[in-house]
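Below, each structure is written out as structure tokens.
Across the two complexes that follow, subunit A remains constant while its partner is subunit B and subsequently subunit C.
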Partner chain A sequence: MRFVLKTNYAQDVNLFLHNGQRFWYGLLALAVLLAPLVLDRFYLGEFAFVYIWAIAGVGVMLLVGYTGLVSLGHAAFLAIGAYAHAWLLTQGVPFVLSVPLATAFCAFVGYIVGLPALRMTGIYLAIATLAFERIAAWVIEHWESVTGGHFGMRVPDPTVFGMSLDGPVPFYYLCLGILGLSLFAALNLLRSPTGRAFIAVRDSEVSAESMGINLARTKCTAFALSAAFTGLAGSLLSHRIGYLAPDAFTVQTSIQLLLMVVVGGLGSLQGVVYGAIFLGLLPQAIAIGRDVLPQWIGEIPGLEPGIFGLILVLFLIFEPLGIHGRWVKIRLWLDQFPLYRRATYKRQRSYLRTERVR
Partner chain B sequence: MSLFEAHDLSVSFGGIKAVRDVSFSVEPGEVFSIIGPNGAGKTTIFNLVSRFYETDSGTMTFDGVDITGAPPHRIAELGIARTFQNTELFEHETVLTNLLIAHHVHRRTNLVTDLLFLPGARRQELDFRRQVEDVIDLLDLQSYREQPIGALPYGARKMVEIARALCLEPRLLLLDEPSSGLNPEETEDLSFWIEDIVADLGITVAMVEHDMNLVATVSDRVMAMADGAALATGDPTEIQNHPDVLRAYLGD
Partner chain C sequence: MAHRGRAQRRTTLETLQLLIIGVSQGCVYGLIALGFVLIYKATEMVNFAQGDMMMLGAFIAFSLIEAFDWLFAFVPVLSALPGASFAFAFIGTLLVMAAFGVVLERGVLRPMIGEPPFAVLMLTIGLGFVLRAVAGAIWGNQPRALNSPFAGGTFDIGGLIIGYENVAIVAGTALLCGTLYLFFRFTRVGVAMQAASQNQLAAFYVGIPVKRVFALVWAISAAIAAAAGILVAPVNLIDPLMGFIGIKAFAAAIVGGFGSLPGAIVGGLLIGIAEPFVALHLPPGLSEVSAFVILLAMLVVRPQGIFASLQQKKV
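And now, the complex of A and B:
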């Protein structure tokens, strides 16, 4: 078992608690940086896709896992980010400007959506955001001069200072870099007053107010930030898709985003990454499984959504804290090996307010 | 001048008049207790002061500022902190994070500096961290520092809540039944801590309490209530022997 001897307060503020963490995260960083040397084109593309999911996941996690507000409308932010970015590119705006502009636009839309959401929590908020998603989808389908309507629009290739980022290797590094920055920003947020205000609102609104936290402003900030991260992911996603059409962003996308943070583990940024890996690579795993398994299993229609659903149900029953929660328990068990108390996690309440009796 | 003044406060829920024309004042540096049978409207008064309930009539001033219409988060910014009857802590977080959240009113950073964690944000975090440690020292919470609230016994949660309120560095501290759920030993410790808070930190305390022993030990003045109305205000022994108060508790 590791005992961390703290000798100054900076140790509680720093991102890494001890050298062990520095070593393992450094190793991970090295591994993902060197991955293009080993992996072929196809898997690089798949990993870039996982990173894009993770960027969107950071946004969803800030709102759902840290502020306790459930949204079923995040596919709309993904779509708005993608379309805004693609439209700006077609207008001749350079890539390095168009990404932040699309992100800022998403933050603005998120703020506006957050305003009516101030009085709603739980299932009511989920339905309201679902309605927003439908409205956004309708606008995208019908605003043909900008979005191309049902015919869709082609996304210009990403170029930075005359250098094309279209190949699998540059795009991999682009996604990885932006994911790194997103995680860094989210970690910073969570160790400063803004992030703690989110957590306060999640755990007790009355208490948060009596601590001087402005509920309305905090919730709107959470919505805006969440939309910004998701929109940022959307702008990258547009390049992966290559050709935007309304059916790329549906309610199912929103549900997948929510599923990602629940499976990964609510209330942890590591959970975002686990969830993104799960969501991004599972379809591939299923596709491989189809070839290996006997034909009559591989050809069952609806195998993929079925397996997704099954895994979600199993998680909700056996591990509501997600992959990250399970990992924390395993680590604690290893730490305290013969002395682990089975009841350690028995009394914890759920993160999502929908699951609470009020 | 009084630190806090309430003038003719009234509030009703449907047909029930929870608080009827209650006036009182809290002087700087004193411990002011509100007692009364269950349902007398004691906690309701605290919720009016915290601005969780809208007053039907009457006014409240804190340090000369009218707070009758202030939004709830403004109350903490002005310097009034409170605890809750059944503890309202941030369940999933550690004691340390709970106390850090209470520093929100003292924040000097904004969203952008927080996102980038600029040197100013780091300095602020270190300052907060140091100030939290002073409160932990004062209330002897060292052994709980890194524990999540969910793993704490009830008595410790009560103390963490008081610690969290102190982290706001308030001028007026509202304690809603601080001794409920504590054993006699913990209650005795509490009375020492309340005296320390007033004497060392210079914080004025107003509390709702049932334990007459605690009230008599620490209070300078006591207000007795029944059925939403104030019966009498005075020093503890005076109130304990007041005929109206005895009638409210024991009947005719």
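And now, the complex of A and C:
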């Protein structure tokens, strides 16, 4: 058991609480930086994919996990980011400018979507964002002069100052770098007044408002920032896919994004990364499992989403706090080894948790 | 003059024709929405897997019809009767799906009582994935046609062509709604359900077995979903992905006012009728999203829906 004795104010500001954390996160950073030396092309690509999911997950987590607004429409932001970035590249805008521009455009769209969303909560918001996603998908499908419609559009190779980033190793580092920056930005955001306001709104809108938080502005900011991170991920994803077509972004994608933050653990940035690893590597695990298991199981259509769904259901019933929540419990058990009290994390249920007056 | 009269008559016919298609499609949306609303009203859970339950119901009916066809081949009296196996399969499917609803409630959703609504929403989304995979594993992915006595035939009334299946959908919906109305209005269980949906705690205090009522609500809405699946099967083919129209039905439920039973049907009809007209008069592909445009417009103008019955808690 470690007790941190704080002896100066800087310790409250530090991102890492103590040297143990510094050591382990440093080791992790070293491992991911040196990974291209050991891993082959295929797995580098898969890891880049995981990083892209994690960037999008940061956006979803900000909205769902920290502001408490459920969105079933984040695939739209992913798509808008991807298409905006690809379109800018074809117009001759350099990569270093096009990524921030696409991100800013997504933030703007997110803000606009946030405006009507102010009046809605819970299920209404979820379904309204779903409606937005379907409409965005329709626009992408039919705005042929920009998006190529059903034929799709080819994404130009990423080049930074004349240097191509197309190979697996440079692309890996590009995704890793942007993920690192995103996590750092999100961490700092969550320590700022804006981030604290998000959490206050999540826990109780009424008490947040009575503390002087502007609900409308906070929710719109949350939407805009969330859309920005997701759009950033979308612009990277466009290079990973290589050829954009409307069927790359569907309701399924939105649900996967949501699944990622739920399985990872709502309300923690570590959870985003766990969820992204889970989501990115599960198809590989299933592919490996297919070779081992009898043939008739492997040939079931829709097996992969089915397993996703099953895992989601099991997590929600047995571990609603996700992978990160489970890890926190295990760590506490290890810390207090012989003296762990089972009741520490006993789930509190409030029966008759009603949302209506009558 | 005569020419213009004929043209006018043609547009009237066309409008009527579209209206009939719209109403029958709207009834299907309405039935699925009814299942959503029943569950939401009684248990405050949002069942995103309602469309997939409809799909499952259609598949079970498909298998039962085949089974009864095989069985009735040995019974001359029944095999002479057209549609006998369909009728038996219809009732059988409703019973099987009602049992399935109870099992689902007991096994999966009861542990979620007291969890935040978002968790239940995610759970039912996951459940939808599982149901789709299970249906794919059992019945395969290729679309199948249900052997229904309503398929194919048409009435011709002065140039107006009405398919048997459209009549069956509308009649079936009306019958189901009537039965449900009588059930909720006049039976002890129905009144107990209304009580539980208005205030769970108060219902519990006056001795209503709230948990059993929840199970029953799930049974009823699973049976309604199955009925919708069987009725829509002659129009759309059955495949594991047919449950996706549940999303549009969801929009219908919200347009009608989430938590109002007549609202669900009216919302379904509204969206169902809008679709063929949009398909004819507006750019192609727009009819696919018209449900969502209506939904967004409704949410901006009147978020509580047409028949507002619930007020959101403020604190």
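Following the convention adopted for this analysis, the second predicted complex is superposed on the first by the 346 of 358 C-alpha atoms of A that agree within 3 Å, B and C clash if a C-alpha of one lies under 4 Å from a C-alpha of the other, contacts with A are read in each partner's own complex, and residues count from 1 in each chain.
Keep this in mind: contacts are C-beta pairs under 8 Å (C-beta built on N, C-alpha and C of every residue); 3 or more make two chains touch, one makes a residue touch a chain.
The structure displayed is predicted, hence computed values, not measured ones.
S.K.: For the three-chain model obtained by superposing on subunit A, do subunit B and subunit C clash or fit?
M.R.: Fit - subunit B and subunit C, as placed by superposing on subunit A, sit side by side.
S.K.: Scan A:Glu141 for contacts with subunit B and subunit C and give back first, second, both or neither.
M.R.: In the superposition, A:Glu141 contacts subunit C only.
S.K.: By the touch definition at the top of the document, which applies to A:Leu89: first (subunit B), second (subunit C), both, or neither?
M.R.: Neither partner.
S.K.: What is the contact status of A:Val206 with respect to subunit B (first) and subunit C (second): first, second, both, or neither?
M.R.: both
S.K.: A:Ala76 contacts which: subunit B (first), subunit C (second), both, neither?
M.R.: Once the two structures are laid over each other on A, A:Ala76 reaches no partner at all.
S.K.: Subunit A residues in contact: does subunit B have more, or subunit C?
M.R.: Between subunit B and subunit C, the winner on subunit A residue contacts is C.
S.K.: For the superposed arrangement, I'd like the angle with vertex at the C-alpha centre of subunit A and ends at subunit B and subunit C, nearest 10 degrees.
M.R.: If I round to tens, I get 90 degrees.
S.K.: Who does A:Ile123 touch here: subunit B (first), subunit C (second), both, or neither?
M.R.: A:Ile123: touches subunit C, not subunit B.
S.K.: After lining up the shared chain so the two structures overlap, which partner does A:Leu176 touch, if you call subunit B first and subunit C second: first, second, both or neither?
M.R.: Neither: A:Leu176 stays clear of subunit B and subunit C.
S.K.: After lining up the shared chain so the two structures overlap, which partner does A:Ala131 touch, if you call subunit B first and subunit C second: first, second, both or neither?
M.R.: Second partner only.
S.K.: Rounded to a whole Å, what is the shortest Cα gap between subunit B and subunit C in the overlaid structures?
M.R.: In this superposition, no C-alpha atom of subunit B lies closer than 10 Å to one of subunit C.
S.K.: Touching subunit B and also subunit C: which subunit A residues?
M.R.: Common to the two interfaces on subunit A: residues 206, 349, 351.
S.K.: Applying the document's contact rule, which stretches of subunit A touch subunit B when the two form their complex?
M.R.: 9-10, 12-13, 185, 188-189, 191-197, 199-200, 202-204, 206-215, 221, 225, 267, 344, 347-349, 351
S.K.: What residues on subunit B touch subunit A, complex-wise?
M.R.: Counting only subunit B, the residues touching subunit A are 50, 52, 71-77, 81-82, 84, 88-93, 96-97, 100-105, 107, 109, 111, 113-117, 121-122, 124-126, 129-130, 133, 148, 150-151, 164, 168.
S.K.: Report the residues of subunit C in contact with subunit A in the complex, numbered from low to high.
M.R.: Residues in contact with subunit A: 44, 46, 108, 111-119, 121-123, 125-130, 132-134, 136-137, 140-141, 198, 200-201, 240, 244, 247, 250-251, 254, 258-259, 283, 285-286, 288-289, 292-293, 295-296, 299-300, 303, 310-315.
S.K.: Looking at the complex, which residues from subunit A come into contact with subunit C?
M.R.: Against subunit C, subunit A makes touches at 64, 70, 116, 119-124, 126-128, 130-132, 134-135, 138, 141-142, 206, 251, 255, 258-259, 262, 300-303, 305-313, 316-317, 320, 349-358.
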